[in-house]
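Take a look at the structures listed below.
Presented sequentially are two complexes of subunit A, the first with subunit B as partner and the second with subunit C.
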Partner chain A sequence: MSDREEIRGCVILKNLYYLVDDHTWLTVNDDATVTVGMTDVAQNMAGAILHAKAKKVGTFREKGKPLATVESSKWVGPLKSPVSGEIIEINEEIIRDAQAINRSPYKNGWIIKLKPSKLDEELKDMLTGDAAVQAYRERIEKEDLKACRHVEGFEC
Partner chain B sequence: MALDLTGRKYKDVPYEEKERLFQEIKKDIRFEDVLYGCYECGICVAACPSARFYDFSPRVITQAVAREDTDLVYTLMNDSIWDCSQCFSCDRCPRQNSPGGLITVMREVAVRNGLQTAREALEGYGRIIYKIMSTGTQVSPDMLQPEAFPDWGPHVHEISENLELWRRALPPETLHTTESSWAIDDKTLIELYLIWHMTGVMDMIKEVDEGLFMILQDVMEERLEEAGYEEKFE
Partner chain C sequence: MEDFEGKRILVIQTHGVESPTRTYSPLFYAMAAAAMEMDVMVWFTMNGTNQLKKGEAEKVQLDPASDVTLKTMLEQTIESGVKLRVCQQSMALWKMSKEDLVDGVEILGATSIIDLALNSAHVMYF
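Then we have the complex of A and B:
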C-alpha cells in the first residue's frame, strides 16, 4: 500500500490528519504537540505565495480561528486552526521565504506548531488515511478544482 | 431558474424576496439622488466603457428600476450590475440620473444580503479588499508577479524578482515599500479602522467572505488594542 495518493496531480499523504473543508493538515509529534500546514491542493489554488504572517508565539487560538494569513499575488486567506491550542513555534523559513509552502507543503513548508488543549476530542473531526483521500477526491471533483502544478524543487 | 440574460446561472427566489430586496434598494438614503426618470436618450450607454466591451447597458438598469420591474431588477442584481466599472461616466445624464450610483446601491444590497452571485463576483478581489482595508492603499507593488499579471510587459519577471531594489531606486522614501503602495502613518491606519468599525463595512465583508473577515478582524483589533481602543468587529 502506498503512503500517498495523487488526485489530479495533487498529493495527499495518508499519514497526516486533514480538515478537507479548510485545506489544512496536522500531524501529532512525539512530544504531544501538533504541526499544522496547508495542503498541496491549497498551495495550488493560492498560486505563488508571497507572504505568510503568523500570530505570535504564546497566542491561544480556538479551533477554526486564523493561525496565519497567507497571501499570494491575487489571493489572501487565513490558515484556520484545525484544533484549539497555544502557538508554540512558527516556521521561520516560511516567514523569510513563503514560497517554501509551494515547494514543500507537507515538510519544510509547515506553518505553525501548537500545544493542543483538547486534541483527542477535536482529532475525531479530522480525516486520515483512505478516508481523507476519498473526501478530498470528492471535493476536488465536486468543485472541479484545477490540477496541481508543482514548482521546481517540489517535495513531499 | 429566473430569466437569464447571459447564460450564467443563479438561484431563483420567491417574488416576495425579490420585492424585499427591491424595497431595500429604494430605502437607501442615496436612492432619490440617483434616479429621477429616464427618457431613453442613451447618452449614458454612449459614454459607458463597459457597454463597449460587455453586453451591458446602464440604461437598462435605470429603466428597470424606474419601471419598478421587480423580476428584472433581481435578474440584474445577479448579473449586469457586476459588469459596471463604477467610473461614473454615465453621470452626464441630462435628467441628472446616476446609473453608476444606482448600481453602487444595488451592489451593496446584494452584498449585505449575501447573494451567491455577489460572492462569486467579488471572489477575485479578496487580496485587493484585504490591502485597501488593512493598509488604506489598494494595489501593492508585490502584486506585480508574472503569474498574476502576465500582460504587464516583458520585464515583469525581472522587476518582480528585484522588486525591493527597484522600489528603493524611487526618490521619495515613502515609496520604498513592497507590501503597500506607500508608507502609511499609524494615525491614518487607526482612523481608517475606526471608520470601518463605525460604518459597519465589516458586516458586509462577513456576508461574502468569512475567511477575509477573520484575518481583517485579527489585524484591526490587534492594532486598535495597541493604540488603546476597545472596538471589536464581532
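Then we have the complex of A and C:
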C-alpha cells in the first residue's frame, strides 16, 4: 500500500498527522517533540512564498494560536499551531529562503518544532492515514481547489 | 518575530474602485497584522467607501491571470478576523444605503472613528 496519495496533484503523506481546516501537518519525533509545517495544498494555494516569520523560541502557544506568519504575493496568513506547546526550534532555512516551503513542504520546508504539552489529547483531533486523505479529498472537491503546481526541485 | 498580540491598529482606506492599484495593499497589510495577532480594523471613508457596494469589488482585478479580485481580498480580510467599518457620512456621497453594503461590514460615524484612532497603537492611512 502506498504511503502517499495525490489529489489533483497535491501530495498527502499518510504517515503525517493533519488539521485539514488549517492546512497544517505534524509528525512526532523520537524525542517526543513534534515538527510542524504547511501542507502541499497550502503552499499551492499561497503561490510563491516570499517571507516566513516565526514566533521566538521559548514562546508557548496554545493550540490554534499562530506559530508563524507566511506571505506570498497574493496571500498572507498565520500558520496555526495544531497542538499546544513551547517553540523549541525554528527552521532557519525557511527564514532565509521561504520558497523552501514551496519546494519541500514536508521535508526541508518544515517550519517549527514544538515541545507539546498535551499531545495525546490533542492528537485525537488530527487525522492521519486514509482518513486524512479522505478529508482532504472532500475539502479539495468541495472548494474546487486548483490542481497543485510544483516548483522545480519539488520533493516530498 | 516580536509579540504584538492584542495591539490595536487602524487602517484607513480612502481609495476606491476608480484606483484599483490602491485597493489591495491596505487589505493585505491588515491581514498581515491580523496574522500577527493584532486587533485590526479597516475604516473605509471618502472614495474608499464605494468598494463596499454590492457588485463593485468583483469588477476590480489587478492581475488578469489571477482569479483574485478585490471581492476576494475583502472576503479574505474578513475571514482573517479583521473588522471592516464604513463611514456613514461617506455612504451618502455614493448614495449607498445599509442594504447596498456587502456582508460583514458595519457602519460607524465620525466620532467613533476618532475614538478608535486615539485608542489604537498605530494608524495607517491610505
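Assume the second predicted complex is superposed on the first by the 156 of 156 C-alpha atoms of A that agree within 3 Å, B and C clash if a C-alpha of one lies under 4 Å from a C-alpha of the other, contacts with A are read in each partner's own complex, and residues count from 1 in each chain.
Criterion: a residue touches a chain if its C-beta (ideal position, glycine included) is under 8 Å from a C-beta of that chain, and two chains touch if they have at least 3 such contacts.
These numbers come from a predicted model, not from an experiment.
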item: Simultaneous placement of subunit C and subunit B on subunit A, clash or fit; value: clash
item: Subunit B versus subunit C as contact partner of A:Ala48, first or second or both or neither; value: first
item: Touched partner set for A:Gly77, first subunit B, second subunit C, both or neither; value: both
item: First, second, both or neither for A:Thr69, with subunit B first and subunit C second; value: both
item: Partner chain in contact with A:Glu93 - subunit B first, subunit C second, else both or neither; value: neither
item: Stretch of subunit B penetrating subunit C in the combined three-chain arrangement, among 9-17, 153-161, 171-179 or 207-215; value: 207-215
item: Overlapping contact positions on subunit A, where the subunit C interface meets the subunit B interface; value: 55, 65-66, 69, 71, 74-78
item: Subunit C to subunit A touching residues, read off their complex; value: 1, 3, 28, 31-32, 35-37, 63, 66, 68, 76, 80
item: Contacting residues of subunit A [partner subunit B, same complex]; value: 47-48, 50-51, 55, 65-66, 69, 71-78, 80
item: In the complex, subunit B residues that touch subunit A; value: 124, 126-127, 130, 142-143, 145, 147-149, 179, 211-212, 214-215, 218-219
item: Residues of subunit A that touch subunit C when the two form their complex; value: 53-56, 59, 65-66, 68-69, 71, 74-78
